Amino acid sequence: MSLWRQRPERVATKIEVGILGATAMVGQQLIALLEQHPWFQITWLAASEPSQGHRYGDLPWRLPGKVPAGLTDQKVEAPRPRDAPQLVFSALDAAAAGEMEPAFAAAGHYVVSNARNFRMDPFVPLLIPEVNAQHLDLVLIQQQRKRWRGAIVTNPNCSTIFLAIVLAALREFHVKRGVVTTMQALSGAGYPGVASADSAANVIPWIEGEEEEIEIETQKILGRFMVNSIEPASVQISAQASRVPVLHGHTEMVSLEMGERVSSEQVEEAFREFPGVARTLHLPSAPTKPIVVHLERDRPQPRLDAETGAGMLVHVGRVRKCSVLDHKFVVLGHNLIRGAAGAALLNAELLVARQLFAPVQGLP
Amino acid sequence: MSLWRQRPERVATKIEVGILGATAMVGQQLIALLEQHPWFQITWLAASEPSQGHRYGDLPWRLPGKVPAGLTDQKVEAPRPRDAPQLVFSALDAAAAGEMEPAFAAAGHYVVSNARNFRMDPFVPLLIPEVNAQHLDLVLIQQQRKRWRGAIVTNPNCSTIFLAIVLAALREFHVKRGVVTTMQALSGAGYPGVASADSAANVIPWIEGEEEEIEIETQKILGRFMVNSIEPASVQISAQASRVPVLHGHTEMVSLEMGERVSSEQVEEAFREFPGVARTLHLPSAPTKPIVVHLERDRPQPRLDAETGAGMLVHVGRVRKCSVLDHKFVVLGHNLIRGAAGAALLNAELLVARQLFAPVQGLP
Amino acid sequence: MSLWRQRPERVATKIEVGILGATAMVGQQLIALLEQHPWFQITWLAASEPSQGHRYGDLPWRLPGKVPAGLTDQKVEAPRPRDAPQLVFSALDAAAAGEMEPAFAAAGHYVVSNARNFRMDPFVPLLIPEVNAQHLDLVLIQQQRKRWRGAIVTNPNCSTIFLAIVLAALREFHVKRGVVTTMQALSGAGYPGVASADSAANVIPWIEGEEEEIEIETQKILGRFMVNSIEPASVQISAQASRVPVLHGHTEMVSLEMGERVSSEQVEEAFREFPGVARTLHLPSAPTKPIVVHLERDRPQPRLDAETGAGMLVHVGRVRKCSVLDHKFVVLGHNLIRGAAGAALLNAELLVARQLFAPVQGLP
Amino acid sequence: MSLWRQRPERVATKIEVGILGATAMVGQQLIALLEQHPWFQITWLAASEPSQGHRYGDLPWRLPGKVPAGLTDQKVEAPRPRDAPQLVFSALDAAAAGEMEPAFAAAGHYVVSNARNFRMDPFVPLLIPEVNAQHLDLVLIQQQRKRWRGAIVTNPNCSTIFLAIVLAALREFHVKRGVVTTMQALSGAGYPGVASADSAANVIPWIEGEEEEIEIETQKILGRFMVNSIEPASVQISAQASRVPVLHGHTEMVSLEMGERVSSEQVEEAFREFPGVARTLHLPSAPTKPIVVHLERDRPQPRLDAETGAGMLVHVGRVRKCSVLDHKFVVLGHNLIRGAAGAALLNAELLVARQLFAPVQGLP
């Protein structure tokens, strides 16, 4: 049985959602994105012990401006399933997510997670709606196998998302291998993240776990859903990750070897024509066209491009021949939005659009 | 007839040298490096018209501290051959070097240049003493063909130098191809160089001409001297260059495909054992061991490593298997020193050590 | 005769405006602010020779995103009065503004200028609508004395604007003297502005002309309009200006001596209650409340606060007793918007609201 | 009885010293400064529990280059008095110093501390050798009152040191009041210190406790030693502190009111002539002239000037009239060296030079 039934009915009243990790950087970005959301309304904020019991407006807010007005007086709760709405975003760090997310799923919650813990679990979908929306069906298998009334769905690592979208756009050219160097922004490390004493006017040529995640998650995302599991794609990526003193926006230098002989123009064209899901799935946060191709010789740049299109776009530039592999180009995306909070939000929208999740009265 | 005769005699009195482009960033770095040099003494400074006639100490000095005491009162001259000493360093920009350097060489001067103009001239050596000191013999051909009494010798582009040294260390493994991403420091763009409005908290994924220079210069540097020309090496590099908000030190992410199956330990060992020329050629600015291998997982870093070893070292770290090509690692060097002013200085020392250049009384 | 007659009628069709210095940083910011403006529509772009004849969309755009769609195909013109609409914004640099702005005013244009050249001219109003809108009457004197059919109106230096608004809010306390240190953002220096080689990870404790402008412009802005001239206010400011590696937002540390004994609470209250002109003059770009008081101990901060309120707010924080003068606090404003392009825009809106400027058919 | 007896004899063998807080930023800077010290030799390193038992070379080293060779194999100890040499530098943070420093002093150790805890203790000298070396006599009172066999001596807060040296140079002009704004470097916050997410491309206009320390410590440092206590100086400072994205070097904008009418030239002259203690007290780390006056209009700058003179200089520039108080100027010093580790080192040298401390066999 597929979830692919029909477009969602109009949502009459907003769906209540909660945030696990409401004081984390990604949690705050989620809160900012949800402020005007047409479907969702935050009714529950949870965080670790030091923040519990405080008004959310009294806790440090690390994004520009102030806490959204409606949440200033919201009390921060302990992360216990019984108090939370059925749909919960998780911006937990890996140390907390490992135990907490399954507990919520077991208790009947749908956990839309940005944490890394269950991304590679064979029964947890690793979703980018434009790339592998059909992987969402894995949720049904997940519920059977794990005996959960709820579920966990995840989005990939930030750098992986931008790369996977680009690779999906080139699917017809049968990309075989790729070499990627990332130059990742400070905000990708969360808060407090990287010490300024380490990062100021410096490059740190290593990010814990990042390269492995890029290499392995890409294969799962681009893999095929087969009966009840994902068969990983064979594309082989070799990544080198670095941290650079940029605020938001991960830049990636990509060289690809393809199974087909194509021109740079065809590559650009494939990027430009890569379809969004805004029209087909009607996800309100999805861009009409997920990939923007820049023609200036020195773009995309994180400071000038990452925030355009509400931070939900993948930017590509300098598409040209590679003398070692076949083509090379620059990729850029907003790590906090398209690469994390916006990615989770899109996955939640997909859950609703596909009617997998339908808010139930009286849960749990 | 080879220049490779014997070690240089002790230099009794210092050799007089001049600086073309004395107000440029690389010119200033040269002046700083020459302040205590055992062989050379600056007696002539030249720059473009606005600076001519001024005391050097009255012009802007952009390096830490102040103008070396001995040069404060030195008058800045017009760049005319007749006034200059026989040995001249050129820190000219490409717009000026094209006409000026040949004029000096024709007039009997030995021009040790950091400019890009003649690097790929078939009769001009593109030198890194540790890598291709024997290319210096090209000077004799140059003098015949160009009918110059003097000569031009050049050092490579800054990013190329670090890469070429690393590739030279791996010669026995027959490197066939490589993919390189550079993250280059601000000072590599000279002065005023990149506008802060462009570079602050940003990555600029393009540097004019840089990628082509890395790809083509590498082949010449690693090429073989054959009778009277350089046969380019066949190694194929594909480069992506970017500017990052770092003060000094270019970082490069390198992936290489080799003709031999070797382990990462063998690669590291080859780096560590790559011989310097300090002992064989007795160049005072040459490091004993040109390559330093870092074992920490997050090094080398430009701010912590570029200035060690007087800025003359090439740093390598994170040597490991590449799942697409064979091995990958991080390379770092100080762009203003090992990558420019120190590179030229080393070439001038080589000229003297090889007795190609012997200061002549009464020149020109 | 006063200009203070009545609220403006509804503007039926938009007023055509031109931009002098359309490729400058402030010119581009003006273009961005005008994209959706309810009263004004850009129909003319002028810049210096290298840009003339080009499509505006083909020239470098230095703000985030791209050139507003409607201007992509707009040809850049030479800055000649006869082609321009009657209302012209000037983002010219001082070298060009000195001759060009009077030429436009003489030819019947109303020049709303951000340049420094005529700010201290006794017949040119130096305007901040919330502070000294009545100084606009000086335009009538200006036209008589200079025999111009048009006029020049100016906005103050960016750092001065924020300080003058704060001082205006404290008028009733009779501020006598003040000591100010500014920490100014990179974008305040225009493009290319400060070299990254100078500004990266550095403080430059000097900005040409800045301290004098702050000290003298403040007195004119706060001065009284007397018959046909401005009598400068007696408030004495001593400024120290510096450039810090921040993108947008000038921070100022202010200590003030007052003629009245007041508490810090009264000072905060005066800031909070300082009235805007949005309701009285109905200027569309004017904030309802121009000053925001922050209560967190570490705010305002340029990166978190400068862009809120569309960049038109003045932020104050840490109001407390000063042990040398009377009170001290931190001030912050967006230098490109409230301090330059937005300031000019507000002045143009004031011209229209006060019916001083009424677009005339067939000009000039 | 005064300590001011005679110049120290030549130190035959080096004095053994220990470092409390050896992994802190200031501890590491101390270790770097002591590497070639003529009098002192590190024989003991202590740090908090996670580092204990490790080879020092295996712990993170945050300064450029690597751990000094002689300390690579040194085991990090628990901070217990009985194992430590008699002379101990403390780079402890305030949380640890409060209990630990008195314990060491009671056990007979001389603790030369950079921590803030005991700076304002009436029996603990707050020393800058060039300013108030005679305050060292307070140690004898301290030992009586506290019944300690050892002692604690402290250096001031980093920003205070530069200001106090400057004020001491102007003593004859009877400075009455001053307004100071500091722009402090990231390394002043220790490690990890400020999160890059907070500090990158930003100004944080607040540093915990900093303003109060500047205001009150200055009075103690410049105070007079009277029988058995320090009578605070009456000079009144009002400080505003901020954090800026600079690596090393605190910049301060100072305006002073003086009791004497003097010219700016006299102020500059007083700075230039302010005597060091290198010749009188023969402290090896003391600069001959502690204050450097810069005449360029845009200096001193942290990146260009802080590290000159081994980081032990105070830089002054832009000395000019202030229209509110009397004179204003820019001050700069290296916060980690002259402002912390070098300040403590100088104090230890003073202890030895004054023969207050003489290493005793068999302690404790």
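Letters A, B, C and D mark the chains as written, and numbering starts fresh at 1 in each.
The criterion applied here is as follows: a residue touches a chain if its C-beta (ideal position, glycine included) is under 8 Å from a C-beta of that chain, and two chains touch if they have at least 3 such contacts.
For clarity, every value in this text was computed on a predicted model and none was experimentally measured.
**Q** Comparing centres built from CA atoms, which chain ends up most distant from chain D?
**A** The most distant chain relative to chain D turns out to be A.
**Q** Sort out for me whether A-C or A-D is joined by the greater number of C-beta contact pairs.
**A** A-D
**Q** Measuring centre to centre with CA averages, how many angstrom lie between chain A and chain B?
**A** 44
**Q** Could you put a whole-Å number on the gap between the CA centroids of chain A and chain C?
**A** Comparing mean C-alpha positions, chain C is 41 Å from chain A.
**Q** Using CA atom averages as chain centres, what separation in Å is found between chain A and chain D?
**A** Inter-chain centre distance comes to 48 Å.
**Q** At which residue positions does chain A touch at least two other chains?
**A** 62, 200-201, 245, 247, 303-304
**Q** Which stretch or stretches of chain A touch chain B in the complex?
**A** Against chain B, the touching part of chain A is residues 177-179, 181, 183, 200-206, 215, 236-238, 240, 242, 244-247, 249, 251, 253, 255, 257, 297-304, 317-318, 322-325, 328, 330.
**Q** Report the residues of chain C in contact with chain B in the complex, numbered from low to high.
**A** My answer: residues 25, 62, 186-187, 189, 191-201, 245, 247.
**Q** Within their complex, state which residues of chain A touch chain C.
**A** Chain A reaches chain C through residues 62-66, 200-201, 247, 303-305, 307-308.
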